[in-house]
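When the chains are written out, they are named A, B and C in that same order, and each has its own residue count from 1.
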Amino acid sequence: MADTGRLKQVAVPALGVSPVTLLRIAIILGVLAVWEFLAHSGWLYRDVVPSLLAIGRDLLELLTSGNYYFNLGVTAGEVGTALLIGGSSGIAVGILLGANRFMSKAFESYLYYLGPTPKIIFFPIMIMYFGIGPESKVALGTLSCFFPVALSVAAGMRQIDKVLIRVGKSFRAGTWQMVVKIYLPAMRHPIINGIRLGLGVALIGTLLAETKLSNKGIGFLIINAYSTFDMPRMYAMLIVLFVLAIGANALVGRFGGLHSIKRN
Amino acid sequence: MTAAAVAKHSTARDSTPALVGFGSLVAFFLVMELLIQTGLVNRFIVPPPSEIIGSFQRLILEEDIFHRFLVTLGECLTAGVMLTVFGVTGGVLMHRYKLLQQACETWVAAMASAPLVLMYPLFLVIFGRNVWTIIMMGFIAALPPVILKTIEGISSTRKVLINVGRSFNLTPAQQFWKILFPASLPTIFVGLRLGLIFALINIVGTEFLINFGGLGQLINDLAERYDLAGTYAAICFVILVSVLFFMTLEKAERWLIPVG
Amino acid sequence: MAPAATPSSGTAILVADNITVRFETPEGAILAVDDVSFGVRPGEFLSVIGPSGCGKSTLFNVIGGLLSTHQGVVSVAGETITGPHKSIGMVFQEESTFPWRTVTDNVAFPLELIGMPKAKRVERARHFIGMVGLDGFENRFPGELSGGMRQRVSLARTLASEPKILLMDEPFAALDEQTRLLLGDKVLQIQQQLKQTTLLITHNITEAVQMSDRILVMTYRPGKVKRIVDIDLPRPRTSEIVSSESFGRYVAQIWSDLREEASRGMRADEKHALNEGAAS
């Protein structure tokens, strides 16, 4: 979705700063100004809109605290494990469904309709199975990430240009050679895209589970800031989290994009 | 082989996979039932399917699940109206003012990949523990795709249709209402369908997390009471509702746009 | 390899014997190819020509070993084929380069499959890239090339496997007319240089006459051998030959054969469309 808006940039004026950049700066400054004004107006509850200075101070404090990085590590580990388990099982199931018309007709519609359902409501069950530790968060992340990966890989497999398969066969490629040299590279875009979607929902699933019940991780820190009504800190944490999530998404996308330009 | 025989043969082949799929689902539940009844699986972790089905009656009579369903549906529809008004308008405005689109579209796209639902504690502070926190959460989390799809729809209008409009000397307003908007409706509907699904997911999730509102709260409530069979039944109900919601939206889209 | 392509010399290296192919469709069985037999001699350029719907592509898949639901036997140097044969190299009608491989890696693909060391296969690939005239594009990706260039990459890839028989299914069908003529020249030049035994499936009469030693004309559904025409034009040939008088005679002769089949095909299509219209 990130590259829907690739537009011709407006001609750069002599100053060297394009109107787009100017508008962006203006919007950011405008929002910040209104924000700061609201913070000092006293119209809203205390700290609902904290001053930028307070948020900045907390942001700095956050980024220099070892405790934050510990919790970040916990969450990253959970999301990573979820992506690994959910992603690899998703790819395996996707390949099975994509390769076999019968299996696809028998089971794919269940996955298709179960995909866009709320996953967080399974959390009570995950706690029953895996306890209140990181395992239940990993389980929820895995459950979330499995569906988009499986569906994307299955669709990608069916979309492989049939002539490429015929080329492989005409050169008498073996089964393993067909998988490694034709099927997987031909499916690289849907696989990357599935992992990108999977990463997004695994992140959401894991973090939401952490906010519900846990004693470590970024989700825990956020809900902790809420319960102590430490709004500047909560804003600081949300900002860092969003930057990280958007960055990770862009990174996976960039990785997938590079694939088609540089050699495999 | 006669044509009729071939036709018969092919329809028979068509329904087999569906039967196998459904059959394996039923078989799975039967095996679970068996494993639990024989004690191989702990019934205090996984209640037997028969017990889950049995507890539906309780959910209907004691927990008033249909009322909760209507509460959640109401929240979704409110968020849906807001998405339609603000999302589509936002997309149209961004398309109308090219500079705005160039400045902000990547931001909106970035927002689409951020875990916006994590802002629910923030919303809880701003709106309080009430239905507006839930609705706003559904609205905000689903807004980016609606805006992006609206822009995509309008800007992918075929050049020749725009030229047709020009050749009839349409005013900019006529050009928009008679050409651009109808041409982009299919894509806008796709955006709204995505948006409504995101809204439902986030609304039920927020209800569960903040323990307020309709179906999501019911699950939280039952889980906190250690009513295991009830929790499973409520989860099944929510899954059923979201699948039906999803199917209805797909049907509606196909019905509204006869030729995609 | 046989000496200069004198069509009458030598026994056939590729033999198709009583090939019949039926397809089951919802509207009943269709006889696509009906009892087709022919042989291709070493060094010979044989074209199979026919209207669309004559089962040409089916024949291509049978000879290539990609379709095995046929009756009859295809043999290479006396050996019956049971699947894709190592002596047959196929060039497909569709765009078939691997978009994720550079030109060099595309051409080296068949060498990679047989486990040739990297340095060696890159060197071999360069040789065939040069042969199709794509020097300087070794490290480009197919997405950066034109359709004609991509088709040359496919040709080089097949040549790199050094097949005894080159089997091509309308390799120029998706290209514009000018590109098609120039590429035809290139193929002709390579074929003459390598004395490459070639079987070309096509519906283009000028292309067939320009390149072939013999042309096999097929009938519209079911596809049968209608006639085999010897093309007695001097070699080496280039596209300039199309302006010669004898060339025109061959074209006219084959067109008169094909015209009847093509119009049968057109009538069948019209009838089919009418039936479809009435049914819906």
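Operating definition for what follows: contacts are C-beta pairs under 8 Å (C-beta built on N, C-alpha and C of every residue); 3 or more make two chains touch, one makes a residue touch a chain.
It should be emphasised that the depicted structure is a prediction, and the values quoted were computed from it without experimental measurement.
Using the average of C-alpha coordinates as each chain's centre, C ends up farthest from chain A. Remark: among chain pairs A-C and A-B, A-B carries the greater number of C-beta contacts.
With centres set at the average Cα position, the gap from chain B to chain C is 51 Å. Between the CA-based centres of chain A and chain C the separation comes to 48 Å, rounded to the whole angstrom. Centre-to-centre separation of chain A and chain B, using mean CA positions: 19 Å. Note for the complex: chain B touches chain A at residues 14, 16-18, 20-21, 24-25, 45, 98-106, 109-110, 112-115, 117-122, 124-126, 144-145, 148, 151-152, 197, 200-202, 204-205, 208-209, 216, 219-220, 223, 228, 231-232, 235, 238-239, 242-243, 246-247. Contacts from chain C toward chain A in the complex involve residues 64-66, 83-84, 86, 88-90, 92, 94-96, 98-102, 105, 109-110, 112-113, 141, 143, 161. Contact residues on chain A toward chain C in their complex (touch as defined above): 161, 163-164, 166-167, 169-173, 177, 181-182, 185-186, 188, 259-261, 263-264.
Of all residues in chain A, only 1-5, 7, 9-10, 19-20, 23-24, 27, 45, 48, 101-107, 109-110, 113-114, 116-118, 120-125, 128-129, 200, 203-204, 207-208, 211-212, 219, 222-223, 225-226, 229, 231, 234-235, 238, 241-242, 245-246, 249-250 touch chain B in the complex they form.
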